[in-house]
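Okay, so chain A shows up in both of these, paired with chain B first and chain C after.
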Partner chain A sequence: MEPLTSMGILALMGAAATIAGASEDLESDVGSQSNPNSQVQLAPQMMYPHRIYNKAVSGEPPSNALMCAIGGTTASVLMSTGASVMLALTIGSIIAAVIHGTYSVTSYIGRTASQKRFKQPLYLDLIRTHTPVIMGYAFITTFCILVVSYLMITAMAHPFPLPLLAFIWGIAVGAIGSSTGDVHYGAEREFQNVEFGSGLNAANSGNIVRKAESGLRNGIDNSWFCSKFGGPVTGIAFGMVVFLTGWITVVFDPSISETMGWEAIIAGAVIVLLLAIWNRKIEVDARKAYGPYKKDEEEVAA
Partner chain B sequence: MSAGGGSGGAHSAIPQNNIIAFGVIGGLAGIYGAHFLVDMISPYMSFLGALGAICGIVWGASAVRRVANYGLGTGVPSIGMLALGIGIIATTFGLAVGGIAGPVVALIFAALIGLVVGVLANKVLNMGIPIMVQSMIEIAAAGAIAIVGLSTSMIGTFMFFDEVVNGVVVAQGVATGVMTTGYIAVIFIAGGLAILHPYNANLGPDEKQDRTLACAFEKGAIAMIIAGIVATITPLASGAITILIGVAIWYISFSKYYKLVKRDAYMISGAGLLPSKEELE
Partner chain C sequence: MIDIAGIIAEDFLNIAMITLGGVLISLGVHFVPVGGAPAAMAQATGVGTGTVQLAAGAGLTGLVTAGFMMNVTDNMGLIIASGTIGAMIMISVTMLVGQWSYVYGVGCPPASAKVKYDPITKDRQDLYVSQGTEGHGIPTASFVSGIIGAGLGGLGGSMIYFYLLSIENGLPEADFIGIASIFAIGLFFVNAVIPSYNIGGTIEGFHDPKFKRFPKAVLASFIATFLAAIMGVVAIGGM
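Our next item is the complex of A and B:
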């Protein structure tokens, strides 16, 4: 293929992946899925009942793999009957979002009912307001992942079938959402009331922030907060993964010669190395600027 | 930690042995029923395979519940994925070598892998969960039944290789109909989540067996609907009946689940404030 055309397709894939990453993170934040979930689950036991949607559909990777595999399967079934691609991908994503909605509702009501002895009430208005939001984000994520997978198969001649590729990208977006976005919700949002950088003291376990700017805090407040930084940064991370992994084989096309294939691998290794060094620099700079437990050390010295 | 279930074994109104019988007999009956009745009556009978898969899923969910009650916590999703991972290996092997006995071979082979994994977990990793070995055998075998059942329901047969007459493919096998087309991915993840989600969704000290199993039926029905969607384009299986029965089972089991949630919850409130300090004491 023309290098320019493949660069264009790659850019489109990267854009779709960026949206998918952002919506994936916000979707998990509305339902406080994944890592932050442990504190939401623990809070009622420590006498802190809350109005936060407790959606635990396993970790993010399997639950996103489920959405994307269902979307990919339905779309591939529809396309084999001759439906247009756009319609097939849309209907596939709708079915995936609806099924994800049932998973979310069963986990919220089930987990709340299992906390009877901690007197955690089950709020029906939370189901009515949060589930459509979760389904909306799930639709966007699934649709964008399907676009990425479909472009890979048709434009880049990837040998895998659509359901399998969507499944793999679903795991990938879930893993990146879990590792990149959760930090922002878990450490910063749930424990806004403790000093920045102080870590989670055992005494603070379960003592999550339960009150909002006005009224009681809920999952939509959390996704509003995360949409300022956590969501977009997850999107950039996932978009970079999709773009850079594709970029090395577009620039150094292994189908031209074997040497090019090795050059692609070397380029990939160089990118990983550069990012690792850059990340290390950010970490060291952040530690210098904010410093872990500076006050404590001074007290010990005194 | 009690947030991840109490330690020392789950309380069960229905004994696990009955559920094992339900899973093995129901599962195999559904799979063989679908395989033979599709040939004898019509492709509409392919829905039986998915019913067999639901039996396996309920069994698997019950086994996950028993072993995860020892405080597995975040390990619940992992154990479900493990079940289906073993199930895929066992299914590929069992169906490829077993011929008409394929599902039984897959079941036995899955149980053997489960035995090895269970012994490794307890003896080498020192997890020290008393029912670990039995539960791993059960979960792996249930995963195999879910995979074979859903595959059979998708293509109307559990034969691994294509049936070829005079050089023409007359019936697709599992290898080309389910695995090459990539539908195995959705079987893996929908079956896996159906096995792990019920206990994960009801995690907490006041978890009840009937509520968890109602959720397992509901998630099994979703897997059935997806199998039905795929069956609409395969010649030897019919999707319409599978989808209809799947939706009916989903509706019944979801209503039952919600009823049990209403029975068990501390308070169901349309909207409202948090319980007061006095209430919490």
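Our next item is the complex of A and C:
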């Protein structure tokens, strides 16, 4: 394929992946899923009943992998019957979103009901208002992942079948979402009652913020806040993964010669090195900007 | 009737290399700095997700790049190297963006609570650990450890995929690739789960005292992967 065409397709894949990453993180913030949900789950037991949607279908990677695999399988079946690609990918994503919505409702009701002894109320209006939002985000994530997978198979001639590729990218987007954007939700949004940058003392566990900018805080308030930082950075991360892993083989096409293939590997190693240097720079800058939390006792004693 | 003994004898090299791939994944998972749920609340050093999830996310990204490379070349070195690099890129990006979240979103500098000085940069760590936490963020030693871990995971995963695809059988190509890749993913999960018993939720990387426990997990992975490899090779070879 023409290198320019490949770059265009890769850019499209990167853009779709960026949207998928952002919507994946915001979906997990609206419904409260993955690791930060441990605090939402713990709060009523520490006598802090709240009005936050508490779904944890599973860890984010398996739940996104399930959604994407369902979407990919449905789309594959529809395409094999002669349906158009757009229709097949859309219907696949709708079915995945509906199934995810079912899991969300059952897990919210189940988890909240199990906390009756801690006087945690079950808000039926939360189900009515939050579930469509969760399903909407799930649809966007699944659709974008299916677009990435479909483009990889048809335009880049990847040998894996669509459901499998969607499954793998679902695992990857979930792993990235729970490693990056969730930190903004878990360590900042849930604990805005402690000073910024003071760290979260384990003794504060369960003492999550329950009042919103107006009224009682709910999952939609959380996604509003996280859409300013956590969601976009997750999108950047997943977009970068999809783009950079494809970029090295598009620029240094291994199908031309094996030497080009090895050049692609070297390019990848250089990218990893640059990212490590960038990380070191952030570490040094952060230490300089924020300073230590305590004085050096050895120096004080001297 | 499938000639089981014949298939095992004929493909013994494949079984051995698949087992080696599994062992490499198991070793690699110990290097990946995962802080689990506490890290998502900036209460532990490392990436804020589970061991299996992060290792699988990185390793499977490597499998995607290896699968692509295998489509255009049959050079084993190139295929395995591309799997390694794919996984390394995925984890580097994830750790870097995770670092953005800790530094810019939460306002905590990266710090390890397991060592007083970073073994690579020699930076003081204990002063930068906030009160009541086990560290936060991804210090340089953990970052480098994560790259090594994901590299080993990608290497092992792509080795398994390559040697599964080298088995002779009568399947059409598309079905063969589907079965081999699913089997590679399955073996990846087996070998990502076994070390997580050693890690017990959090590990900072090669400088963490828990890292020394890796021989037990590697042995367990060796046995599990060897048995799974025999089953896989017989199943795929008999088709």
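FYI, the second predicted complex is superposed on the first by the 292 of 302 C-alpha atoms of A that agree within 3 Å, B and C clash if a C-alpha of one lies under 4 Å from a C-alpha of the other, contacts with A are read in each partner's own complex, and residues count from 1 in each chain.
By definition in this document, contacts are C-beta pairs under 8 Å (C-beta built on N, C-alpha and C of every residue); 3 or more make two chains touch, one makes a residue touch a chain.
Small disclaimer: the values here were computed from a predicted structure and weren't measured.
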Touched partner set for A:L122, first chain B, second chain C, both or neither: first
Chain B versus chain C as contact partner of A:A22, first or second or both or neither: neither
Partner chain in contact with A:A75 - chain B first, chain C second, else both or neither: neither
Partner chain(s) touched by A:Y103 [first = chain B, second = chain C, both, neither]: first
Chain B versus chain C as contact partner of A:Q45, first or second or both or neither: first
Partner chain in contact with A:L164 - chain B first, chain C second, else both or neither: both
Contacts of A:A56 with chain B and chain C, given as first, second, both or neither: first
Which superposed partner A:G230 touches (first chain B, second chain C, both, neither): second
Which superposed partner A:V30 touches (first chain B, second chain C, both, neither): neither
Partner contacting more residues of chain A (chain B vs chain C): C
Shared chain A surface residues [contacts with chain B and with chain C]: 38, 59, 62, 160-161, 164-165, 167-168
Sites on chain C touched by chain A in the complex: 36-43, 47-50, 53-54, 56-58, 60-61, 63-65, 67-73, 75, 78, 81-82, 85-86, 88-90, 92-110, 121, 123-124, 127-133, 136-140, 143-144, 147, 174, 177-178, 181-182, 185
Residues of chain B touching chain A in the complex: 2-3, 74, 76-77, 80-81, 180-186, 188-190, 192-193, 196-197, 200-208, 211-212, 215, 218-219, 222, 226, 229-230, 232-233, 250, 254, 257-258, 260-261, 264-275, 279-280
Residues of chain A that touch chain C when the two form their complex: 34-36, 38-39, 59-62, 152, 156-161, 164-165, 167-169, 171-172, 174-176, 178-184, 186-188, 190-191, 196-205, 229-230, 233-234, 236-237, 240-241, 244-245, 248-249, 254-255, 258, 261-262, 264-265, 268-269, 271-272, 275-276, 278-280, 282-283, 285-287, 289-290, 292-296
In the complex with chain B, residue positions of chain A that touch it: 38, 41-42, 45, 47, 49-51, 56-59, 62-63, 65-66, 69-70, 72-74, 76-77, 80-81, 95, 99, 102-103, 106-107, 109-125, 160-168, 210, 216
